[in-house]
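The structure under discussion is supplied below as structure tokens; questions concerning it will follow.
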């Protein structure tokens, strides 16, 4: 399958460019009978769009969604759903040099190899974080279906920025993470993160961080080993988010330092249900969900576009040179990536739930 | 696509069970004209098979491959290649209780949910590490094609076991990692790792660790954003290896603590070629290879099967109970996972190279 | 894969409804560097749109295409190409009864089973012939690439309508078929067909027919047996055209009456090239193109929507009843299906040419 | 996806060669809990194997199946099922010239283009009708599941051979078609067909024919428009059978001569169920099954391998020449293709039934 098509049963097709007419997507495989309005999509888009706080890019986009197909008399029809966000506030004046002088840490160079001189480089084109708008649109639908049919809840939050780590927090506190601009459940750490972001921004530099994502009430039994494991499909989807450098489940990298007796989650009975007493497995055993919360963590690298002088190569004249990247960029993309991480989880979990016969092709009509 | 089919152009289909007749695979999409004998496959299988040192399971398997199709007069024909390893040393006496009393950290419980009481649980069935034999067979072909057509070299080695970390080593030292039983390039650390493994084995416990994998000479331009990124497809394939808990590229989890000016790899010219001076990107930018070595790291959890008493649930009587897992198990699976990690990288990189028109459908005849 | 995604390497995603906002598509897998304007698409759309002659529906649609993504500075970028035709002349007044009283020969009944009461039935929704607009848009791009890179020419023409059969004609005459309203290369038969169509239209009835499609200069070697044969992929694509009842290659149904010595096409040399002296194979042997013209034939059933009284079932009251279908419909859809048939051939042949490494990922810049 | 993998949810992977070690397949996506023995497969293989009558090739193959994986304690486990038929009676002495002098009507020439000189040409290699053994194995499983879970019955029978057409017969007579060597429900026509086959065999020539296939009790609602229509997926699968030249549904090619009022099947109520009074639709409307019998027809070309002298090209010396094909071949392959046609229908219908949530992932245990 080609590169802009995700999954097999709940399919997202992404299209559009950062400085083109629009960013959009087609969702194919959505069951018929979901009550769906543009508001359902907009709510999630508003969490991702720029300008939510002073920490984000100054690009002014309201990112208003328009549904072009697949919804009839307020319900999904089972036909493909095309959704568009028209680009409004485009300023391409800062991208003249990008083609000849690739920005370090950016896709400028690899795009030139892959697509030749035809690549639309303005604003990063298809490699812009703006493309994740299309993921959020698809994810909004997946989240709604998961919530209504299976009561699945998906929660992501910032756990680390620039070396400042959040303390482990309760689910209720995680649900409150949305209330601060860095989306961190540890309100104290959040303040330090904000200060740190302001510092590096002043230095024309940027910061990375980490996001944890939790999926609650995921039914046991999702996943198709040996290759279509839940971890495998989730990690593939998560790596579609620009800047992700690692994907961990449960114990993640810490598993390297543990013994089996520490790491194995003991089975127990709680209210007649099989549970595990710890969750180093991250809710997945043998590639299949075990009914415990699915927990994963992604690391986001620092924003590649920074004002500081950097060494690069002038490809036209084939000589080394120095650039200072202009344009409007977030000093730390982590907070805005939070809803994107949720979207990816939702779409992959829904894809597996469909495969497991858990989602009717036609939902019951809600009124 | 169903769960036992990997990739799209160089396709691996895995079949077989740990205690069934055989473990096997079908490779579809192999170009015609590759000189291929069972020796090419056997070399890689010998690196994975049990009994290479006293650190591994006492199951005695010579894991001899038989090619059933797709090779004619010593060359691949372009037809699907079926390969089989017949199981020899099967001892199923220790698996009576597994169905009713799922082993913590194992897939026993999730397999029972997913496949009901029909799951072949003997020796772990499809969830056994033994299934990776099929990956290694496919990987052996992929490695040979990559080496012969593109001069790609793929090298994995143990970088951590039970908290003992290897020092960073040169490529030549990494190539020598194969010489010690833990496959660690840092010979000093290797000794400590062996000691540590022996200790936990005596305690009927087990250890996890980490493996780094490097792919050299991968052409720039491989990867199909936004979803079929090189990281995405590699991580999906790597998560098909039982016990993997994280997949990182380049800087991986460390990216969370870095600034953009530290993390961005400066572009430079070396012998007229564009290179980067560091490689925090892990050889991939925007989901596309940039011509630098591809570096990734996987964390392997401690072997779930341990002799120590563990709490579990008796599913038949729905009450909590304690088990001590018997059977023949590696106290640390990391060293034997090294060739499996290489196999996954090889297959995915080849899949992308085919997509990039870099692999002829019919190779030139070598004699 | 879900139902609105065609092929694997040159992928068409179709969306939109007959009476919704638009009909559109996304093409993914188009090489970078194709000079592409809306005119290239419009030329093909104009061949399909209603109102070309008095024989077609009175719906007035100019079917003007808008390219939303994937083209930058006049060239394709390698990114997904979204194209839209906005619906203009919508009249939904005649579709009130369709949900309860399914039209014989139509998808009203099966759509109600498949999508429940949520199906958008207006103007046939996703089951309208109007949806083939999206095929023609994708086909226009495929035809242009095939023509420019491989000099492939694709020609369809009407060979039968309402029992009137065209005489076999030369390629030059086939190229002139476009000049009469029924797109028949036999100008004499064309006149009879027109008369016959007018007759049945007066009787509030409709006619079926047949279309032959020829693809010239298709390189030998396309096709991936045993399942992805050229015939298999072509026929699947052709059956996506509403009303197709048969797909034949070369001799087609006549093969049942032939002997091997009649049917086997003798190989011969012409100007140093291997050719066959006849072409009962239709240019395909063993599922793989042999370098001769690919010839196939589709049968189109008579338009299902007719004014004559017909028996159906009132699904709400579960009793038999009679309907007379209103709305604007072509008495014979064959002529307008001609460019659609060409589009399907072009897309599938291009898909296989990409798989055969014959289409560079980045085309040479034309100016 | 590569060429030897069929479908998406009930997947068949075919491997093996006519004169290699074996012909085999892997079925992935089979639900757990099907009582399955080699006898279930053998029954269908026995219908396809050579030597059932004097009308078939003299190759002596008992075609005994061996199940290598995926079945445990008599039930399918949900894991991939590998099945093998070992080749026994191989005589490759007649295939020396095939590489240089391609047989007219055969894949020798196109295989040489597609796979170069590496193609295994012995006995036709992958292009032999013998490969359909792998289809029949997969089909046997699909038929059993369809029968047990949905009560679907699939029946194919010969309707035409060498210009002799069978009269339309009742379902009961069709079920008796198996009783004569040509599998024709019209016992009178069957005798003539046998005589005609004997005649052409004496002339070292061969005959084509046609097969009708009927699927009863297929639930309404199967099919995923616009591209994954039931006709589209069925025809793709049917074209994987060597020698198929046409695939028709319902009225097929006759639709070209009908009016809408003749062709539209009137809806009616019978015992409270919606039915159609005729079935020109072939049980499919808008690409979706309507609950009526699915009827399709395939045309099989005359066997390409004939003893009569034929013109071909000596590819080594690039000059025209004459050949007389030796080897053991059926003078008419139609009767042995009957179970193969059934197999393809069964696999595709099951694939769609899985997609429609109609097949549980774990079947109820039967004892």
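Order of writing sets the chain letters: A, B, C and D. Residues in each chain are counted from 1.
Operating definition for what follows: a contact is a pair of C-beta atoms (placed from the backbone, for glycine too) under 8 Å apart; a residue touches a chain by one contact, two chains touch by 3 or more.
Values in this document were obtained by computation on a predicted structure and should not be read as measured data.
S.K.: From the C-alpha centres, identify the chain that is farthest from chain B.
M.R.: Between chain B and every other chain, the largest centroid distance is to C.
S.K.: By the contact definition above, name the pair with the higher C-beta contact count: A-D or A-C.
M.R.: A-C
S.K.: Provide the C-alpha centroid distance between chain C and chain D, rounded to the nearest whole angstrom.
M.R.: So the centroids are 27 Å from each other.
S.K.: Could you tell me the distance, in whole angstrom, between the mean C-alpha positions of chain A and chain C?
M.R.: Centre-to-centre distance between chain A and chain C: 38 Å.
S.K.: Taking the mean of the C-alpha atoms as each chain's centre, how many Å separate chain A from chain D?
M.R.: 46
S.K.: So which stretches of chain D touch two or more other chains?
M.R.: 1-5, 8, 14, 114, 126, 361
S.K.: Going by the contact rule at the top, pick out the chain A residues touching chain D in the complex.
M.R.: Those residues of chain A that touch chain D are 8, 356-357, 360-361.
S.K.: Under the stated contact criterion, what part of chain D meets chain B in this complex?
M.R.: These residues of chain D touch chain B: 1-5, 8-11, 13-17, 20-22, 24, 26, 28-29, 32-33, 68-70, 72, 75-82, 84, 114-120, 122, 125-126, 361-362, 365.
S.K.: In the complex formed with chain D, which residues of chain C make contact?
M.R.: For this pair, the touching residues of chain C are 1-6, 8, 12, 14, 102-107, 109-111, 113-114, 126-127, 131, 160-163, 200, 205-210, 220-221, 223-229, 231-233, 235-240, 242, 244-269, 272, 274, 276-277, 280-282, 284-291, 299-306, 308, 310-313, 315, 318-320.
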